[in-house]
Amino acid sequence: MTALLEAAGLTKFFGAVRAAEELSVRVDEGEMVGIVGSNGSGKTTFLNLATGYLAPDRGRILLAGRDTAGLSPRLITRLGVARSFQIPQLYLGLTVLENMLLSLAARSGRGGVWAPLYRAPWTDEGRQILERFGLEAYASRSVGELPEGGRKLLDIALAIALRPRLLLMDEPTAGVSTEDKFEVMDTLVGVLRQGRITTIFVEHDMDVVHRYSRRVLVFDQGLVIADGEPVTVLADADVRKAVLGHA
Amino acid sequence: MPDMLSVEGVWVGIKGVVVLRGIGFAVPPGGLVALVGRNGAGKTTTLKSVMGLLPLSDGRISVDGVDLARVPAYRRATLGIGYVPEDRRLIGPLTVADNLLLPAWAGGLARPSERLEWVYCLMPDVRSLAGRRAAQLSGGQQKMVALARALMSGTRLLLLDEPFEGLSPGLGDKLAATIRQVQREGLSVLLAESDVKRVAFVQETYTIERGEIARPAS
Amino acid sequence: MRLLTVIALDGLAYASWLFLVSAGLTFTYGVLRVLNLAHGNLYALGAYLGAFLVLRYAATGSAVILGYGLLLLAALVVGIIAGPLIERVFLRRVYSREEEVQLLLTFSISLILEDVVKLTWGVTPMFAEMPYTYLGRVRLGGVNYAWYPFLLTGIALAMGGLLWLTVTRTRLGKVLISVITDREISSTLGINVPRVYTLAFTLGAVLAAIGGAFTAPMFSLVPGVGADVLVISFAVIAIGGLGSIGGAALGSIVVGLARSAAVYLAPELDLFAIYFIMALVLLFRPQGFFGEIEVRRI
Amino acid sequence: MGPRPRPSPLLPLGALVLFLLAPLVLSGWIVFLLTVAWAKALAVLGVVLLLRGGLLTFGHALYYAAGAYAAGMAVKYLHVREGLALLGLALLAGVGTSALLGLLVARYRGVYFALLNLAFSMVLYGVLLKFYAITGGTDGLGLPAPPLAGLRPVAQSLRLALYDLTLVLAALLIYAAHRFSASPVGYTLRAIRDNEVRVEYMGASVWRTIYVSYVIAGGLASVAGALIGLSVGHITPDLSFWSQSGEFVFVAILGGTGSVLAPVVGSIVFEFVRNYAFELSPYTWQMTLGIVLLVIIFFLPGGLWSLSALARRLPRRGAPPPFRTSPRDGAGAAGARTADQAREPRGGR
């Protein structure tokens, strides 16, 4: 079987800082994979490489067998890879619903300069998606009025609205309070299962990784130092030392 | 005797979002205090506010009894505050030695060469890097140089943002030892950290959650 | 052969002039990240004040040699008064606003200064050629050429060298590099960033005014000269890369030679030649020769 | 739920009817002034559309002149007489030129965008000036009174006919611009101003959006140029000069970018004020403009149009900020304790 995402020998340096070295990752259709590692261990860099935001110094990335070398984030997105961000990337000058409508318009590929953005099928679907994320009440408010947690959710909702085959999430629960974390993740996982979206997510919170991923990759200074089930991997003393700084 | 750093009822917003909700805590003279909280809890914002990189919408920050409200950002270094940002932020095109000497050239440092020598003695690894360009260093090395740079101006108070992040365990231990040593030499230290277990060596810990001090523990 | 010599000599003169003007523009942009649309007007102010002083001085019948000092004086007066005034009173208030607002602000200052020149010196052309003619001429490769353009080249080289030495060899230069690389961290290191900004803007203004004052003896001055200068120096720094002094030097030579070639070979196309080269460079290297592309952190 | 509440079309339509009837009571020169104002408003509208995407151009007069000269040369060399055909040719020229230059310009933002446009407009200025044999140099070209839709209006009513034509054409194009603004591409343009990275990560093309908007803006300006040429009867290279581009930008900021109607308001106010002020003191005219611009930047960032919101005392929440000039991080601005922070320059990172 061809892997949905297969990265081989990815290497990326920023000056002398190693962000990725001989990084190889394989993710199959239907998986939910967590990535852990301390700050600066190369997690976000990996997402940036996988989505074409950065070009690797060496190595290659295959998407369902197709080489994505030289493709821009836009083209990779159009191949079915969506992404959410550590710091929500939103259109602060537009309303929450408009943010969502733009995602739906982009998915349809029908830009157009005459028919309005507000059109029934999109507004209906947009509101539905917002509702599932509990953002319905903010639909006609500007994004600037959304609280931080809401921005984070909208950021992910915009990616999911694209109906991707593969979703990459960068710290989906960062900035979400401890009490709400699991609720947020439950909502997310529900939507992802329903849409049968293969997911890779970067996460700081070990409990979240434990609970929601079947497989976890541990990054340390640009290397994958462990790959396996959360129970075994996260119990490993070296891993704990690398990620948490103590065994 | 006033606290070396005192933060009282500070509110700060970034891009329309309230990040700090009336936080308050203090670092006593010669104290070693940790601010512990998850990513996004407001640790970095707190340190940046002390350094004057973010405006307060309410509250008061003072260093050794001096209200910082009337001290512009660039004058705070001359109060003897050193700051190590989370992402190192060395001046890449300059050498390590130049990076260390920048606070001296900015005009706020008495006897820079003595101070430099003191820093080099404290951190011999940094001395051996002196001639290299900052951009050419590895992440761990940059982290150490950033600390060294903060020690140049930080004669009284040191603010460290996630100093252990991305360091190998060995380097982390070295760093912790250095921090304790400068504290013994009289500096007050405030460090922000996401993992409470890594700051077992500090005297006092404040937990910050969603922009509020959850519980002052010790 | 004679034609080639003339083209090369004119190109050199032209490049020197371009460098003096565009070095200031690109330097200011490099430090402040604001493109000063009033740069051309500072040039015009320098030129008019220089010409005015020289003419007044010549009327007294004194030694012409001191006229060169007057040109320099004019440039310094303009730069040192207008520079801090514009930066402290106006620009400083819009650093936190969008790039287009900053451009609009410098544009409004440009409009105001345009009329300041007209109100002060009127609209009749002004020409102070004494410093030009005083230096006499020289025979070079069969061409009878004036000395004055070489003075301009000398000044351009001196200014360029001085800037380069300052940035690479002095503490001030390192402080500048620090501010350019990371303004926020620089201020936590104790660097008075607002003062560095004022200084950099003033230096840019002085350079503009020097360019104006020392070319005043070569052309007759008419209103609107500022806009022409701005448009051409933009081409120069776009070719070299915004913010790069070396880029400005390279751009000046390229544009200078191209224009002087066009003037002799196809006079209708002189402006066209410059922008054709600029478009060509940008097509293959969008950030110019020495420009850098900024990547947004996500 | 349907589309979000739109402003009622009755008000603009009523205003249009009033303008169409205005010549009954207004003197000839005021009608002429209004013709000029409405025509130029189209060029300004192009500038406004681009500004909504955060793109400031100092060379929009390029397309203005391209339209005017396309009409002028069509008369001189192709012996086209029909006014509507001339307008069509002008539009074609504007769209063609912007489609070509847009290939290069659409990759740029900020200062590059502003000044590349300026540079190209000055090239056209130079060409128009120097190719005397073809363009008439500083003398320019004449545009004789055209027949419109085959009808040749008598001399007295020509002005009126041109006024009506300008008004109707402008109204149609403004409506089209309104549709564009509300379309996916129009919204994407505004999104680009906020966050290009996200636009690309949605799979939409930043480049294409800017390119399309640029061509539309160019087309609008070229029609404006031809209308001016027909109304004045004569065109000169000055149409492409930087000060003309600067004027468009000035009027755009004066009117504000909050509505597609704002350029009309700005343009009419501008033409009337200029008419009086210029006579009063020709040497201080630009200075006046500069000072007014400063005042708008610091005290009325939404332009004249934002006054209408003030008048209604109900600025609709969630509506796109007209011409966003407040700092992006609005927080803390209220009670900036460390006063020097507010004044400190933006980061260069």
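Should a chain be cited, it is by its letter among A, B, C and D, assigned in written order, with residues numbered from 1 in that chain.
Just so it is clear, a residue touches a chain if its C-beta (ideal position, glycine included) is under 8 Å from a C-beta of that chain, and two chains touch if they have at least 3 such contacts.
Since we're looking at a predicted model, the values are computed, not measured.
Asker: What's the overlap between the neighbours of chain A and those of chain C?
Answerer: Touches both chain A and chain C: B, D.
Asker: What's the farthest chain from chain A if centres are computed as the mean of the Cα atoms?
Answerer: The most distant chain relative to chain A turns out to be C.
Asker: Tell me which of A-B and C-D has more C-beta pairs in contact.
Answerer: Of the two interfaces, A-B and C-D, more C-beta pairs touch across C-D.
Asker: Taking the mean of the C-alpha atoms as each chain's centre, how many Å separate chain B from chain D?
Answerer: Comparing mean C-alpha positions, chain D is 51 Å from chain B.
Asker: Rounded to the nearest whole Å, what is the centre-to-centre distance of chain C and chain D, using the mean of the C-alpha atoms as each centre?
Answerer: 31
Asker: Just curious, how far off is chain D from chain A if you go by their C-alpha centres, in Å?
Answerer: 41
Asker: Identify all positions of chain B at which a residue touches two or more other chains, and write them in rising order.
Answerer: 15-17, 52-53, 73, 92
Asker: Quick one: which residues in chain D touch 2 or more of the other chains?
Answerer: 197, 324, 328, 330, 340, 342, 344
Asker: So which bits of chain C are touching at least two other chains?
Answerer: 181-182, 184, 187, 193-194, 298
Asker: Over in the complex, which chain D residues touch chain C? Could you list them?
Answerer: 51, 54-56, 58, 104, 107-112, 114-116, 118-120, 122-123, 126-127, 130-131, 196-197, 242-243, 246, 249, 253, 283-287, 289-291, 293-294, 297-298, 301, 324-328, 340, 342-349
Asker: List the residues on chain C that touch chain D in their complex, please.
Answerer: So the residues of chain C in touch with chain D come to 29, 32-33, 35, 37, 90, 92-101, 103-105, 107-112, 114-116, 118-119, 123, 179-184, 187, 193-194, 197, 227, 231, 234-235, 238, 242, 267-268, 270-272, 275, 278-279, 282-283, 286, 296, 298.
Asker: Name, in rising order, each residue of chain C that touches chain B in their complex.
Answerer: The contact residues of chain C facing chain B are 171, 174-175, 177-178, 181-182, 184-194.
Asker: In their complex, what parts of chain B are in touch with chain A?
Answerer: 15-17, 19, 38-40, 86, 92, 135-139, 142, 162, 164-169, 172, 194-195, 197-198, 209-210
Asker: In the complex, go through chain A and note every residue touching chain B.
Answerer: 15-18, 38-41, 92, 144-145, 147-148, 151, 171, 174-175, 177-178, 204-205, 221, 241-242, 244-246
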